[in-house]
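Okay, here's the structure, questions in a sec.
Chain nomenclature is as follows: A, B and C, assigned in order of appearance, with residue numbering initiated at 1 for each chain independently.
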Amino acid sequence: MMLRSECRSTPDLLPTHHYINHSVWLLVVLMLASHYVIYSQYILPMGARIEKLEASHDSCLKEVQRLITDEIDVYDADKTNSTDYALESSGATIVTTRCTKSYLEKNIQYSIDGLLPVFFTSNSPRVVIQPSMTPGECWSFAGSEGVLVVQLSRTIIPTAFTYEHIRKELTPDLHIDSAPRHFRVKSLKDANDREGLLLGEYDYDKDGRPLQQFKVQNPNPVPTRFIELLIQSNHGELQYTCLYRFRVHGNKY
Amino acid sequence: MMLRSECRSTPDLLPTHHYINHSVWLLVVLMLASHYVIYSQYILPMGARIEKLEASHDSCLKEVQRLITDEIDVYDADKTNSTDYALESSGATIVTTRCTKSYLEKNIQYSIDGLLPVFFTSNSPRVVIQPSMTPGECWSFAGSEGVLVVQLSRTIIPTAFTYEHIRKELTPDLHIDSAPRHFRVKSLKDANDREGLLLGEYDYDKDGRPLQQFKVQNPNPVPTRFIELLIQSNHGELQYTCLYRFRVHGNKY
Amino acid sequence: MMLRSECRSTPDLLPTHHYINHSVWLLVVLMLASHYVIYSQYILPMGARIEKLEASHDSCLKEVQRLITDEIDVYDADKTNSTDYALESSGATIVTTRCTKSYLEKNIQYSIDGLLPVFFTSNSPRVVIQPSMTPGECWSFAGSEGVLVVQLSRTIIPTAFTYEHIRKELTPDLHIDSAPRHFRVKSLKDANDREGLLLGEYDYDKDGRPLQQFKVQNPNPVPTRFIELLIQSNHGELQYTCLYRFRVHGNKY
């Protein structure tokens, strides 16, 4: 009976034994599961995110290099990367300014120690279709209303116009009150066409970037070789308005 | 007794049982604690750092685009983004060079196949206040001492000067020994003021960047329209000194 | 015996007790090991990678700033950062075009409202060694074959040539058929040397970047002051070929 009692106590112990084993295995499994959860839930996705960051970091400098090159390319490409059909050196000309009166304040002669005399003439309207953007190299006309008719270098269907003014940081007074404000652009049949086809009415934002582009608003622009720019107001200067550079963009006809 | 013995053995087993339970629970708690420690100590902060990196990576290219645009804007803004009151096109003039002798070596005439004759004259001092920075387009004067008096485009309280020389990489000899070294800047009451008010004494570093800016050192600069530049030495060239471009910055008066 | 039986059951329990202890300690050790594995295998290396990313991110913007400045510096340095010994303003000249016939289509006079008359002459070959890259400011010659002999600003051992054409995006027709295609470069003993020493044969890729550099192919270039450029074909334009800018690079002799 003792043995039996022992025998009976053994079965009592054995499940305990098994229970221990079970617990241990359960715990080992739990531990592995926990390990796995940590690994698959947190570490694996974090690893992937780090890998992606590392890859994009490596490609980043290449991408940056490309961005820089692209920006400098656009800057080098007349700042717009599109043909300016109003550019004088390409064959465009100013055909008329419809009697807009140039502003002649600076028409004075200086001379340096008997060297070459220096004339400051009011710049001709041709500077408006030339690339120079040096402060002062603009066409000044009296008042705030003026007209410029450009014969383009070829016949195009106009799509956009660009007006570029000098930065206000570069002006002696740190403002560009003499910049054009409200203006219209028309396409003409020929230099003598007094009516024309309105292509759009625009505002040059004096607080925006120096170079601003304006899309043709007319839904049916016709092919043309003559573009009329009508300045209707400026940003506050009472005596004169300065025009720096006007570009005309379009599609070949 | 057997039963009792069993009963007594059972209490021996029961605490073991409890002990197992306790151990298991303790271990489960430990495991959860460990899991939690790993999660909160390592994974959570690492996740936050990755998130920050990802966010800054996304914003990085925007930031880079902004950096590029800003740099090109400054380059486009006469490389300084500040008004040059000595710029000829804005209305400034060279009023005198106080008899500084121009260096005339290049004053030779060429002609191409009967096309237009080409003159290489020593450039006039006016190139010093014009924007061109093409190699060779400088004002050369004999020796290493020279004077230039500029009438600014308006009366200002001067704050800084900029001298820009050609890069040595672009010169035929890969050095800029003919660049100015030590120089002074004065403000004058008028073109005939021979004394003037010293605004600063400076050195142009031939190993620095081509464009170098110099702040006014005089604590009490007065409003002026006349700036005198006195070159006192160059970087080693014995025959002549070349001046490329001099800018004057200041506040409106 | 009962006690003994109990005693005997106790040794049965005791190893169980120890077994539990062992299991617990084993599990605790396992847990610490698992914790350690997770920490050392995953978290530590990931932390290092994140740290590296963070460090490189911080240095990235500095690096980007440097890249931008470098690119603008090269752009500012005549786009090549190397001396152009063919640059007119540095003292180079076009000595002959060997009777290459300029193309005169644009030789027409316009005039604006009685203002200054505007002449569009075919540009002289001198524009090829001047820095302007404005659309239209090229030397046009009839057909697809032309010659240009440049007297360099000093005697050099030539190392490379650069030809730069206008971007096709800026031309009225969006193509550069009039750009030179196949060309040779020779060095001459003097302006009358009709034979010369071949330095290389090259192709300007009309789909490449506007500025293309060509290394001297001759393994033994001799010091020279005269470079002959022979255009042998263009990219398809039948009437004329346009030359924008040609640079000559080399080492001092």
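Criterion: a residue touches a chain if its C-beta (ideal position, glycine included) is under 8 Å from a C-beta of that chain, and two chains touch if they have at least 3 such contacts.
Source: prediction; values computed, not measured.
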- prompt: How short can a chain-to-chain path be from subunit B to subunit C, counted in steps between touching chains?
  reply: 1
- prompt: Is the contact between subunit A and subunit C built from the same residue numbers on each copy (over half shared) or from different ones (under half shared)?
  reply: different
Query: For subunit A superposed on subunit B via Cα atoms, how large is the rotation, as a multiple of 5°?
result: 120
Query: Any idea how many Å lie between the Cα centroids of subunit A and subunit C?
result: 23
- prompt: Tell me, which residues of subunit A touch at least two other chains?
  reply: 2, 5, 9, 13, 16, 20, 23, 27, 31, 34, 38, 43, 46, 50, 53, 57, 60, 64, 68, 72, 75
Field: Residue ranges of subunit A touching subunit C (in the complex, touch as defined)
entry: 2, 5-6, 9-10, 13, 16-17, 20, 23-24, 27-28, 31, 34-35, 38-39, 43, 46-47, 50, 53-54, 57, 60-61, 64-65, 68-69, 72, 75-78, 81-85, 87-91, 93-97, 99, 124-126, 131, 153-154, 252
- prompt: Along subunit C, where are the residues that touch subunit A in the complex?
  reply: 1-2, 5, 8-9, 12-13, 16, 19-20, 23, 26-27, 30-31, 34, 37-38, 42-43, 46, 49-50, 53, 56-57, 60, 63-64, 67-68, 71-72, 75, 79, 106, 110, 112-113, 115-116, 118, 120, 134-137, 167, 169-174, 210
